[in-house]
Each structure stands twice: as C-alpha cells, then as structure tokens.
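Below you'll find a set of structures to go through.
Two complexes, one shared chain (chain A), two partners (chain B, chain C).
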Partner chain A sequence: MSSTIKGQRPLLSAVGLSKYFPLETGLLASLRGNTTTVKAVESVSLDVYAGQTVAVVGESGSGKSTLGRLLLRLLQPSAGQVLYQGEDIFGMNRAETRAFRRQAQIILQDPYASLNPRMRVGRIIREPLDIYSEGSKTERQKRVHELLERVGLNRNHERAFPAELSGGQRQRVGIAAALALSPRIIIADEPTSSLDVSVQAQTLNLLADLQRDLGLTYVFITHDLSVVQHISDRVAVMYLGKIVEEAPTETLFAEPKHPYTQVLFSAIPLPDPARRMNWDLPKGEPPSPLNPPSGCHFHPRCPQAMSACSHTVPRFQSVARDHGLACLLYEDGVN
Partner chain B sequence: MSLLSVRDLSTEFRSGGRWLEAVSDVAFDLQRGEILGLVGESGCGKSTIAYSVMRLLARNARIRSGEVWLDDVNLAALDEERLQDLRGRQISMIFQDPTTALDSLFTVGHQVMETLQEHLDLDPAGARQRALELLRQLGIPAANQRLNAYPYQFSGGMSQRIALAIAIACHPQVLIADEPTTALDVTIQAQILQLIRQLLVDEQGAGVLLITHDLGVVAQVCDRVAVMYAGKIVEFGDVHSLFSNPLHPYTQALLNSLPSKGIARGRLENIQGRVPSLADRPSGCRFHPRCPQAKAVCRKSVPPLKQVSASQEVACVLYD
Partner chain C sequence: MKRELTPNAALRKTYEASRSAVLGGVIICVLVLLTATVSLYSPYTPEAMDFMAPLSPPTRAHLLGTDNFGRDILTRVLYGYQISLAVALGSVGFGLVVGVSLGLLAGYFGGILDNIIMRPMDVLMAFPAIVLVVALTGFVGRDVSVMIMAVAVVYVPIFARVMRGSTLEVVNELFVEGARARGASHLRLMLRHILPNAIPPVLIQASILMGIAILLESALSFIGLGTQPPDPSLGLMLSEGRSFMQQAPWMVMVPGLAISLAVLGFNLLGNGLQELLNPAGKGR
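Up next is the complex of A and B:
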C-alpha cells in the first residue's frame, strides 16, 4: 500500500504549527517584562490521509501530546494552521467548530483519570449524543447498546461505574464514547500505555477492527515503538518540539536516518534475548525544553555531531520520496 | 550457595475482614552475579514478593508462612532492629517512582551521605567524598554541585540514579529493583539498566531481583526468569530457553501478545478473560479458566513447579 495517496487531499494537516507556553516566573520578573516561554511545538508540518494511521513518537517533553491537542483545537496555536479537509480549524466559527468536533475525537491514556467516576458507563457514552441532540431518547439508548457491543462490552456494563471495571474495560468505554458521534478521525494519546500486554493486545486489535470496519483515520501518539511498528502506516519522530524525521513505517524501521531516530530505535528493549542491544547509548538526557540547545536541538547528545550542528538549524527536507528529515548530515554544502 | 533464598513464601492482605493470599508458596534462589527477572501482569504478586523480602509490607499485609534467607539470616523472622541494620547494607531496593523514594526536604547529598554514615564507619568528609564518587559513577554531571541540590531539581532519570546511588552505596549483595525503569523514557531506561548490570552485577558480583512487566527488559538484561500468574510462579528458567521455548500456556500467550513479534499489522493473540481477583482465585491451576489447553484435571489439582529440562521448570499438567 502506498502511503501518500496520489491526488488525494490530506484529511488533516498541520502547517508550520507552533505552540509556546508562557512560564510563570514570579511577580518581579513579570513586572520587568521578563517572560520565559517553553516552545512545546515548533514549526511542525504533518499530513494525515483518510483511512491511515500516523504515529507521532517521542520521549517525554517532545511535544507530542501538545501536538495532539492542537490538532483537535483543544489548544490555540502560537503560529501556524491545522487544516481539516482544507479548512483552517482555528478560523472556524462556532457552528463550524461544532461540526468539526463531531468528526474529530480523542482517546486518552489513563482510563482511570479520563472517565468521570460519578457517571455510569451508559451516561458517559451517551453524553456526546445528548450534547449534539442526536436522535430521540430511545434512539440514543439503542446507540449506546450498539457502541457497547461494538467495543466488546455488553449491556450489563451500562449501569456500572468506572471503578467497577478493569483498566482494559475502562479504555473500551473511552473508545465507545469517542465513537458515539461517528467521527472520521481519532487522536489516540498513549491509549495502551497504562495497560498490561495481554490487555494492550486486545485494545490494539479492537482499534484495528474499528479502523477496518468504520474507515477511521488515526493519529497515534505514543512512546512505545513496538506499538508503532504494529499499528501505523507512517511515523513522525519528535524531539524537543520538532519533527526530526518522518517516513512510512517500514522505511523508518528498516532505514532510520536521523541520528536521534537511530538512537531511539537502538534503545528499545527487544523481547529477544538472542538480539541483545550493544549498549552504545547516547550520553545525557533530553535537555529541558525551557532552554533548548542552539542549532540542532539534538547536537549535544548526537554521536555524529559536527561543528556546524551547534549553530545551524537543520531544515526539514525530503531525502527520498515520502521520507523527510532535519539533519545537517543530509544537507548539501554544510560540511 | 545462593545469595538469597526464598522458601515457600506466602503473603496475604486483609480486606473486608478476610485474609486474601496475594503470593502463594513461592520459592526461588538468587545467585551471585545474576539478574533474576520476576515478570507478570498487574496483580500477579510480583511486587508483593519484593516487599515481603524487604519486610516493607503495608500494615494490612503479612507474611503468612515461608522463609527468606539472606546468607544465614531468615529475614522473614528477623526483628526490626536487625532488619534496619541489614537494609541498605546487605540488601537494598529501588522503586518505580524515584521521586517518591527521595525525601523532598533534604538535599540529595544529605540523603546519600546518611546511608553511608549509618552503615559504614565514615566521618562527614569521608562520606561526602564517597557520595561524590558514587554520583560520578552513576553518570551525574557536575556531581559536586548536584550534591547540594534538592530532589525537585532532578529529572526522573536523574532521581533514579540518585536512588540507585543510595541503594548501592554500601555495596549490598542483593538489590531488589521494582519496575525501576517503567516511568522513564527508553533512552534513559537503557542507561539505568546498563548501570545496574555493569556497576552492581559485573563489577561487584551482586545479585539483582528485577521486577518488571516488560518482557523486552527481561530479554535484554536478565539471566534467569520467573513468570508469575495470580500469585504463583508458573514457569522458571534460563532467559534464552524461556523466550525460544516457552512451556507454560500462560508464558506462551504472554509472548504471543507482544506487538513486536515482527508480524507487522497482523492480529495480536490475546488471552481470553481477565486476571482473577485476589478474592476469587480459581481452583486447581489458577490459569485454567483462560487456558486454551485446559483439561478436566486442571480444575482440581494444583500443578507443582517441576524440572522438565536442565534449564526449565514449569507448573503445568501438560508436562507430567
């Protein structure tokens, strides 16, 4: 399957998207006008085609969750656009935003924190239908039953409170609520990270079934590269707010080009004792997004850094069809 | 002789006026210079074993029976004063969340030096010197300044290094590591695992009991593995045998549910049903209600852990 669909417009695109958070710095500093900002997401561009799964991977502080929230207009960007079917979601009026939100939903990591503990499962799933005045009361009730079945639960779960369910069941409730309004795209932010492997397998299978049956598009935000390899068509790797490499999943796993992607892949503990890692690890930790290194953000930890990397910001460019990255090693005329 | 020998350990929790068994008749030996993995899903009792060995169980829990031998001392029957003396000196523990393991009101240096002075005959200057060496060994940059910093000034990875420094400060023979890298990013996880392997196991010959749910971590760093299900060890063996030839149907199912088996985009196998609760453990083999190969006998008789090859033990009637 070709990843870029020729002649087709992306369903969702980020164009030069940035989000800076001002940091609380105390009264005196703010009176003096000293404000610090965290560049959580910086000039990110990404295309998501209908029916595909795009994974956004990165370590903590890479900005992947902030990106997910921007894509749904849960945050206002500092710069840039998010286009849904060609239309900027930040320029939409109330009615248009309401229509957009029917079509774009989110699934969150922690099924313990994201479900209201005082609401019964039936009401959690019905709530989006109530808000959008979807059908009659009986129709909504019928829809709730359909959704429960669709995610592998049954009518008996309707009266339960979240606390009475296991982690895997709660995540199914979250998925059912996200599906209630028949969205076209779902942003899944670490949906399986808090689950045990056997429950994770059930959840990933469910998400794959839903995609096949309902033609869903996923943006899958995760730090777990084995999940990425399993579920996604394309992968974007983020480091300190920027996408450093983006490619079809197979290409990226076969031939990671950016030194950070290589380091990240080499640190994944493979469940195979015959293929042990060589422990050739990057030194140090990801720097604070408060004070990112100059030039290429990765240069202080990069095993292949050159002198230019400390002062030149690499441009994101294509190195092959469908394969882009931001690294001076692949830019002409720099070294 | 093994460093640590756990014999028929059973630990129970009090809940709703009843005692419920979380760990049932668990036995294993930890050898010098090895990392022994204790692996299983949430609620299987793996952390309860760690807390039982360290005698750090919560008030509503107790060791019902069994022995925990560290050299010639049975920790399970030891008084609190002698335990205090052994903890940190001969046996140490690190936890999943390094930030809660450190006291936020004291500098990191104070906390490392406290352990050193408690157990070793060191004056403050000597303790500071040793603390500095430890921080350097653990790859903490600007160690001298960092000694005066408070825990909130450290990242998760750096906090875990400090916790590890405190744990290994007195060269313990045994380290118990309860999900030590679960809260960390993969690159930091790899660094911490490498430190444990190099500093503690290869250089000092200590034994490490590594508790984890992550089969990738097990495959990468463990020498031997115990797989737990619902409070019991169901399979025990050398890491290579376990991954290449898993015997217990639960171990097989667990390995097959991993997404990274190389079959991109295929369906993952999953285990029917869910882990039974403490109050409601099945009779016979506890895995039988979910086991694809269960027979009638599995409902009745409890299979003991039996040696089936030089490197593997399994508790399953299929191997009788």
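Up next is the complex of A and C:
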C-alpha cells in the first residue's frame, strides 16, 4: 500500500520531534543549574499518509503516549515540528489551531477515566458539535443519534451516565465523540488495552469499519503486537523515546532487523500448542529514562551487543526501501 | 490503619451516613421553615413586653418562659435565628462564589497566577478568624451586612484552598485532556468539566462553615460587636441572660440550646455528605 502513495505529501508528519520533561527539583538545585530532564521523546521523525494506519509500538515508558500528545498539540515540544498538510501545528494561531483540532481527534486509553462522570452520554458526544457551533440544536441531536448507531449503541444510551455502561460501551462513546466532527485523522492511544479480549476484537473491528467507510487515517499507539498485525499498514517501534525501527507491517513481521524488534516479536504468544515458544526475552527491566544507557540505549539488554554499542549512538537510516532502523549492526564502518 | 470493608459493612456505612445527612437536613429545613414564617403564627412580637410576667418560667402563655422584660423567649429565639441564618447563608454564599472562583483559577492555570491568588489567601488565613471579624466589625461598624462581610472574608481563603486542591486532582484527569483535544476553551473546561467534578468537597466544607458562622455571629453579639439590643440575637440573649442565671436559667439555656441545635444540624449534614461522597475504601 505504501508504494502507491510515494510522492504524495504525508497528512501528518513529525520532524525531529523531542519532548523533555524537567523534573521537579528544589529551589537550590535550580539555582545551581542542575535540573534533570527526562527525555520522553527524542528526535522522532514519522510520516503518516492519508488513509493509512501507522502503529507506534513500545514498552511502557517508551514515550509513545507522549508522542501521540505532541502530534495533537496537547503538549508543547522541546524541539522539532509536527506538520499537518505541510503546516507546522505549533506555529498555528488560535483560529488555525481550532481548525486543526476539528480534523485531528484522539481516542483515549482508559474508557473509565476518559469520560466526564457527570455528563450524560448524549452530551459527551454532542460536546464537540457545541464547541464548534455545528448546525442547529435539532441537527446536533440528529447527529448524536447517527453517531450512537454508527458505533453500535442505541438511542437509549443517550440519557445514561458513563458509570451505567460497560467498558466496551464506554469506549464506543469515546469513539463516537471523536467522530462527531468528521475528523480526517485519529490518534488512538491504546484504545483496547483496558478492555476484555472479546470486547477488544469488537472495538478493533469497529475502528477498521470506520476507517473503510469514512476514509480515516489512524495513528495507533499500542504495546500489543498481535493487535498491530491486524490493523496497521506501517509500524514504528519505539524504545526509550526513540524510534529504533520503522517498516511496512508485512516487512517488519517477516524479517524484523533490529534486535529489540526481534525480541519483541519472539514474545508474541503463538496460538499453536505444537510450536514451542522461543522465549528470547530482553534481559532485565527497561532502564530508567531518567538516566538512559550511553551509546545505543538498548545495548545493556541486547543479545547481540558489541563493544561499540556502549559508546556509539546509532543513526537512523534506511536499510531497504521503506525500511529504516537505528542499529550499529547495520551501519557500515563500525565493525 | 486501613480497614477493608465487606460489601455489607460498606452498605451499612452508607446507610448510616445518609441517615446522618438526612437528619441534619431535616433539622435545618424545619428551623428555616419555622424561622421564615414566624411572623405568621407567633402571638408575640420579639420586642413585646409582658409586664405581668417578667422572668416567667415556661407556662402555657410563654412556652419557653420570658426574660427580665417579660419578652417571650421562644419568639425571640425564632427571630434570632433569622439573623443567625442570614449571616450563615450570606457569608457562606459570598465565600463560596469568590473562593470557588479563585481556587478554580489558581488550580487550573497554576504557575504565576496560582501564586498571585494563593499567597494573599495564606496571609488572610494566618489571622485568627475571630480577631479578623472583631477588627472588621470594630472598624466598619455594627450591622448585619458588616457581620456577613466580615465572616465571608474569613471564609474566602478556606473555600479557595479546598477548591484549588480538588481542582488540582481533577485537572489531570483523562476526560479533561480529551475535552481539550476536542477544542474546548479554558472556560468550558473549567465550568463544564472541572467544576462539577471538583465541587463536592467544597460543599461539605460549606455545610460545616455554616454551623461555624452561626457560632461566630453569636460570639460577636455576645461581646457586643454584633446585633444591637433590642434586636433579638441568640448571642445577645445569652449575654443578657447571664445576670439572671440564678433566678431564670431558661434565659440562657434556651438560646444556648438553640445555637447547639443549628450547629448540630449543619455538622450532621456536612459529616453525612462527607461519608457519602467519599465512600469507604477510597482515600483518607
């Protein structure tokens, strides 16, 4: 699919995007000038083409949710740009930001915390329409009914409070609210990870149907590789704030190149009792992003680490068409 | 130590809490009703003197006795409640509006605005309430409206602080971020999303501060800085009755019990609400 869109301008792209969070230090420490920062996202570049689904995969703490929030201007970056149809969203004025927010929506992770407990479902879904003063009151009401049906709920749910709904139903409400303004791109931040497996499948199918019918573009943030395989066109693997490998889904699943991607894939459970699992898991816990390892961040846990890995930072480069990665094993002149 | 509650025990606790809230609510409603309509059913006016029966113990004509001028104590207590409740409602109402707005702004925007709002609040809070009220009434004059403003000034920082704290808790909730992503303005975020979810602890505080306002009004009137004679006020009646404690103990007992009853009502309501809105096992 990605080959057909070469030459086309990406709908949304991150260029050298970084986000550093200063850690709360005392007054004295800041006077002495030694404030520590967490590098949640570090020079990330990513292109998202219209109609595609890009999955961002990583362990917790890899900065994938921070990336998602940067893409929607919910956070200000420390460096870099996010271009929406070629325009930097951080340079937009108030009116332009408002227009951008209409077209780029978010679906949040936890459907229990992401809906205002004191608003009825109907009002939650109608709120985006109210904010942008879309149509008359009756038109908004009609739209709410449409959206409820679209996501597989019915009109009876309109008067309910979120607490009266199940997790899957709440996630549907969140999806309906995100759809209300007919956005072009939706950032889905782990939309299924707090749902039961059966409900997960339903929600994923709903998202796939919506994409097909409405021509949506998704950035799908998840830690669940089995989900990624089903829904995404491209996958970006993040580790400690950096993208370590990015490729079309089939390529990545067929021949993962980065050692981190390889160990991640070996951890996907196989639904086949005859095949033995190859538990080639990364050694130890993910290191603290406060004090990341020198050189390649992954080297202390990497099964194929070389001596150079502890002091040389790998560059992100193309190894094949559409396939980029950051690993010294594939860099010339290092060995 | 944290206790784990079985579902049954939790239910029983909820029931007991709601019982306390309902009892408090009923006491307050009855008092407000009796007080608001007292001129319709009372055979006496608060200033009417019965020269035939000064210092009369409770009789059929004077259900709770009379004072040294022969004024009906029950009538005076009910009229006294009017001032007490006016001070309580007025000061808490004003304190709520100003304090909640300031606390919401401070908690929502944080940073410099937080400091600009909250540091003066800290200064106000450092004054002992009663001293501040005495100073204000002494300075501005003796009037119900002055008393209301004086108590309100004491209440504003309390409400601001509680509201700021609970705003800080709500502002980071996922649904607030979601609404922001949908393009909601600051005003909409504050009024539609944060305020309704952050207000419950403030309402509990309001109920308890109502009771304290009644006590403050009585204390001010008792030391002569509040309501002036011959207007009826519970604190003033206490102070007048002191000289007659030996001959007519009902002169101090009745207004004293009246104050207790009103304060008890508000505290029962506040505590009940606290238990209800902060269910077992969650927090504290």
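Brief remarks on what is shown
Criterion: the second predicted complex is superposed on the first by the 332 of 335 C-alpha atoms of A that agree within 3 Å, B and C clash if a C-alpha of one lies under 4 Å from a C-alpha of the other, contacts with A are read in each partner's own complex, and residues count from 1 in each chain.
FYI, contacts are C-beta pairs under 8 Å (C-beta built on N, C-alpha and C of every residue); 3 or more make two chains touch, one makes a residue touch a chain.
Values in this document were obtained by computation on a predicted structure and should not be read as measured data.
In the overlay built on the shared chain, the residue A:S60 is in contact with chain B alone; chain C does not reach it.
Using the contact criterion defined above for the overlaid structures, shared-chain residue A:A113 touches chain C, although it does not reach chain B. Looking at the shared chain after the overlay, A:R102 reaches chain C, while chain B stays out of its contact range. In the superposition on chain A, A:V144 contacts neither chain B nor chain C.
In the overlay built on the shared chain, the residue A:A177 is in contact with chain C alone; chain B does not reach it.
Touch criterion met: A:Y132 reaches chain C, while chain B stays clear of it. In the overlay built on the shared chain, the residue A:Q200 is in contact with chain B alone; chain C does not reach it. Judged by the number of chain A residues each one touches, B leads among chain B and chain C. Taken together, the chain B residues at the contact with chain A in this complex read 41-42, 139, 141, 155-158, 185-191, 193-194, 213-222, 239-240, 243-244, 253-255, 257-260, 264-265, 267-271, 274-275. Note for the complex: chain C touches chain A at residues 173-175, 177-185, 188, 192-193, 196-197. On the chain A side of its complex with chain C, the touching residues are 69, 72, 74, 98, 101-102, 105-106, 108-110, 113-119, 127-128, 131-132, 174, 177, 181. Partner chain B is touched in their complex by these residues of chain A: 59-60, 166-168, 196-202, 204-205, 208, 223, 225-227, 229-231, 249-250, 263-264, 267-274, 276-277, 279, 281-286.
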